[in-house]
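What follows is a group of structures, each given as structure tokens.
In the two assemblies presented below, subunit A is common to both, partnered first by subunit B and then by subunit C.
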Partner chain A sequence: MREILIEPLARVEGDGGITIRAEGKKVKEVRFDILEGTRLVETLVVGKTPAEDLSITCRICAICTLSHRYAALRGLEKALGIGVPPKAQALRSLMHLGELLESNSLHVFLLALPDFLGYPNAIAMAEKYGDDVIKALALKKYANHIMAVTSGRMIHGENPVVGGFGKYPDRDVLSDIKKQSQELIPTAERAVAILAGLSIPDYFEQETVFMCCEPGDSDYGIVGDSIRISDGQVVDASEYRMLTNERFCTHSAAKHCLYNGKPYTVGAIARMNNLGERLTGQAGKLFKKHRNKRWHTNPVFNNLAQAIEMVWALEQIPKIVDSILKVKNDPPIVQPSRKEGEGVGAVEAPRGTLYHYYRIQDGLVADANLIIPTGQNLEDIEKYMRKAVEVLLSQGADDQTIRMQAEIIARAYDPCISCSTHMVRFERDVK
Partner chain B sequence: MKAKTTEKKNLDVGLYGFTGCNGDQLVIIHSEDRLLDFFSSANIKTFSLAKSDNDDSELDLVFIEGSISSQEQVEHVKEIRNRSGFLVAMGNCACYGGIQAMELGHEGWDRRFQSVYGEHFLEVRTPVESKPIDAFVNVDFYLPGCPIDADQFFSVFANLIRKTVPAMPDYPVCGECRWKENECLLLKGILCVGPLTAAGCGAACPSHNLPCFGCFGPVQEANVSSEFKLLKEKGFTVEEIKRRLRMHSGSGILKSLKNIFGEV
Partner chain C sequence: MSNEATFQSLSILLADASTAVIGLGNPDRSDDGIGVEMARQLKRRRPEHVFFEPEHNPEDVVLELLETERIRNVLFIDAVDFGDKPGAMKLSGAADAKRLLPAISTHQVPITLLMELLQAKGKQSRLFGIQPGSAALFSEMTDSVKQALDDFNKSVVDKIRIKGFS
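Showing the complex of A and B:
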């Protein structure tokens, strides 16, 4: 028995590993192991107030803290019958774009690119790609700044609350954010150019299904009340259980998801495949130039999709800032109209669709269910790694080659392992 | 100056993450302007969130993020302790156990685990209820926060690589609120646990008109019973106050609560 173990898998968020077992040229097992400790978050929020829930669930993950917060806000506000005013909505859109930029730039530049350029980390890349690394860090810093300004702190900011915001950012700060966005577009375009220039192996390619939020208008977007599937269906987000259909695997502290019994993919590549035709501006041009039919069969193009999405986000920011600045007075926090109800909030976290379901009883959380993007991608990660290993074994590849390819596939999904151990179900009445 | 620094070898430093959100390591990665200096001022041997060429050998200084939540992690943290000189518990999960260690009690951790995972068991790990690092090994320094504050981290780091002892605030969030001239939220009848919480965040939430949730853990010598009295006078119930206090402070507050109420 030949065994290749990768543990821990570096340059991903959280504690994960890969296990490959083979006999001769026959694959026995290819697993993506989720080793992160369990936190049972859905049991922690039961009996808590909506404000306490926000403070707990955003801490599931530091990279997608604001996506968790946004999904929770949408779920809780639906349950409590709250509609937020346009200024609050626009500021939420800005914070969400900030996080998308932060996460995509972190993944593209610091976590994924070192693989393709042959370095152990981005700092080591600085010798040859010094200028690019410095510009990449400047883009990431800008994105972190947006997160800090909108949420009140760089990570786990509490400023976005049920019904609005504790405090709105200063107008000058927002104007600066608008101005800087244009200066950073060339950095994002450079990422697109580097990634588009790489040759991506095709031997593990195969079909899959893609899912993402449907923004509901004819634009590209990262939030929505329904889900668009690449088979042409659009399904209400409240049907999230049917869409994701979780099941348990003994090698993973995260449950795996299937749609109609089949693996599927979420994330930037799913958004680009399902909604990319709607892109305009520079992002639209880049999409038309680089997208091809291999994007439907090869997850490694997710890196390029993330880079094009950065251009899109930077192009959106001036419009969003204008719509915030347009409203002079800061609206007060909207209070709940009821103490009972249930709701599903869906948003696109940078790495895919994130669902937060809540049932509220007497003003407290009675039941919560959170479905996380990485859990939805686990089946496809294993499917693509398996195919790659099968082909490499038949070619007599050495361990190092197999290991490297498996890592590139897993990392392309930008897995968020802290998140994925919490996509767990819990139902109980508050006693 | 230059000649002196080259005589002395840089310290061997490691950063490890256990159960949590990786937010403390991310605070470091997010410190773009200081990142290159950070990597050059010490020999960063292990930092698995940031690099893949990690070297698990002897360390002069180690920062550990996250709580311990499996039997395998218990063994791993002991193994790290054995080969490390100075150990820093970094962030609330490492210092106090974090949100996952609020010890809800009522049905017990086993029941809660079952309610999430059913009758299944995990082959890859043996899960246990989350505990802070000091439940298993000696901790030399506590750097709390959820997440840690970047300025505080780099100040502690700079002190430790020069082998001096860093100073930490021994006053509550209220101190920072006063410096920022924030209006006191408790006076407005809002449940704020700032008086019991260690400073370090710059009063992040009260500066946004929002109450402190206690995410830097308890301030040294926090007077829990007098805060309880004060909050009860403001009209909050014991249940509400206890629920809020235990959210982020884990082992740091449970001891005080047990002293006041017996069972929590």
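Showing the complex of A and C:
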């Protein structure tokens, strides 16, 4: 058995690796290893108040902090019988778009693009693409600003609370956010143009299932109480266990998920495949121009989906800001109507559908279950890598080529290992 | 380079009003916060163009500095594992810094990328690295790194005389 390790896997969030074992041209094993230890968050929050839960669960990850907070809010508020007013809902939407823009811009420009432009990393890419990198950082800075303004600070902000917000941003700050969004659309369009011009390898293509939140009202969106599946079903989010079927895996500190016994994909490409026809404006034009049937069989198009999603987010922001500004008075925080109940909050984190389930008893968290996007993608990441390795081995590819292609597939999923609480080892037997 | 020579170079760099400083690290993680603490101490004597985490996001600061004509040099201060004894200090140019720092940082934009962008815009950058002894969460700085901070304060911060500030 020959073994080649990729450890750590670069340009992903957290510590993970890839293990590939082969005997001659036969693949024995392809694993996406999660190397970070489990953090037992679901147990930590038992016995805590909903407010404490919010402050703990958002710390699962510094990148997806607001998605965790938002999913927790939605789950807790359902359990406690709280409905938030439209102004609070709109500010949450703005907050959520800020995080999506921050995460997508970092991934597209700095983590994914170097693979395709032939650079080892963004630092090497900066010499030729310096202006694009600076524009990407400006977009990221803008997104950081939205997150700070809405949540109270850039990371782990405490301003979004159960029942609303502690404080609403000043009107002039919001107006400036609206103005800047228009100025940044060309940067997101530039990302689309670069990615759309790339040659995407096709030898690992195969069908899969896509899942995302169903936002309702025939809109594109990143939140919803039900889940749309690419097989045509729409399932209430409260059925999340049936959809995800989490299970332990010996090589991973993160649990793996299967739908009807099969791998599936969540994230920007799932949202685009399931909801993209609903896009309007410039994002709609770009979707219609660039989307093709390969998007259903090739996860590397996730990078382009993320870029189009940035255009969409920037086009949404002015509408959301207007809806916040039209309500002059800041609504008070809505108090719980009960001390017991159950609720599932589902949101689209940048990397896909995130579920927070809570059972509240006597006003305290009695049970919690968090299902993370990267955990849901792990089986598909391994499935696509395995196919790629099979084909490459049959073509007599060298180890470096195999490693590179496996990394490209893993990175296209933009895995958030801290959230999933694991990388590629390559082992090959040469006899 | 001896500590005396390093302090001498830092003093010259920091006496120049065209130098900006960015302190990096996490003060909740023992010696990892040394860059932030040194920048804080510097700001007492040299308030302009001194930034530190978490109040300031490094890439956001660099974006502004790229557009600030007056700034020609940027000094990054950070805990850097260069394999020496805890508290050891090293002042490096951008090329050496690229060898010392990881190319990829998963949670933020890599500092070496920011150095590359500064260089592309004609600005010089340096890295002042302090060898950490520990990065344990919610732990105090180790004695060796505290000593490095004291030495930095006495030899650089307390003697600072800035030319060019109004």
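Keep this in mind: the second predicted complex is superposed on the first by the 421 of 431 C-alpha atoms of A that agree within 3 Å, B and C clash if a C-alpha of one lies under 4 Å from a C-alpha of the other, contacts with A are read in each partner's own complex, and residues count from 1 in each chain.
Note that in this section a residue touches a chain if its C-beta (ideal position, glycine included) is under 8 Å from a C-beta of that chain, and two chains touch if they have at least 3 such contacts.
Worth saying up front: this structure is predicted, and the values here are computed from it rather than measured.
**Q** In the superposed model built on subunit A, check whether subunit B and subunit C fit or clash.
**A** In the superposition, subunit B runs into subunit C.
**Q** Based on the superposed arrangement, let me know which partner A:127 touches: subunit B (first), subunit C (second), both, or neither?
**A** In the superposed model, A:127 contacts subunit C only, not subunit B.
**Q** Quick check for you: in the superposed arrangement, does A:62 touch first (subunit B), second (subunit C), both or neither?
**A** Both partners.
**Q** According to the stated criteria, A:162 is in contact with first (subunit B), second (subunit C), both, or neither; which is it?
**A** neither
**Q** Pick one for A:137: touches subunit B only (first), subunit C only (second), both, or neither.
**A** It touches subunit B and subunit C both.
**Q** For the three-chain arrangement built by superposition, which of subunit B and subunit C touches the greater number of subunit A residues?
**A** Partner touching more subunit A residues in the overlay: B.
**Q** Go through the superposed model and pick first if A:368 touches only subunit B, second if only subunit C, both, or neither.
**A** neither
**Q** Taking the superposition as given, does A:270 touch the first partner, subunit B, the second, subunit C, both, or neither?
**A** Neither partner.
**Q** Go through the superposed model and pick first if A:110 touches only subunit B, second if only subunit C, both, or neither.
**A** both
**Q** Who does A:154 touch here: subunit B (first), subunit C (second), both, or neither?
**A** A:154 contacts both subunit B and subunit C.
**Q** Once the two complexes are overlaid on A, one stretch of subunit B runs into subunit C. Is it 80-88, 116-124 or 206-214?
**A** Clashes with subunit C appear only in stretch 80-88.
**Q** Which parts of subunit A are in contact with subunit B and also with subunit C?
**A** After superposing on chain A, subunit A residues 10-11, 13-14, 62-63, 106, 110, 120-123, 126, 137-138, 140-141, 144, 153-155 contact both subunit B and subunit C.
**Q** Per the contact definition, I'd like the list of subunit A residues that touch subunit B in the complex.
**A** 8, 10-11, 13-15, 33-44, 47-48, 52, 55-56, 59-63, 65, 106, 110, 114, 120-124, 126, 137-138, 140-141, 144, 152-159, 161, 165-167, 248, 250-253, 418, 424-428
**Q** For a test of understanding, state which residues of subunit C touch subunit A in their complex under the given definition.
**A** Touch list, subunit C to subunit A: 54, 57, 59-60, 62-63, 66, 98, 103-104, 106-107, 109-110, 112-113, 116-117, 120-121.
**Q** Over in the complex, which subunit B residues touch subunit A? Could you list them?
**A** 17-24, 26-27, 29-30, 32-33, 35-36, 39, 48-54, 66-70, 72-73, 98-100, 102, 104, 109, 112-113, 115-118, 120-125, 127, 130, 146-147, 150, 201, 204-205, 207-210, 213, 215, 243-244, 247-248
**Q** Mind listing the subunit A positions that touch subunit C in their complex?
**A** Within the complex, subunit A contacts subunit C at residues 10-14, 62-63, 106, 110, 120-123, 126-127, 130, 133-134, 137-138, 140-141, 144, 153-155.
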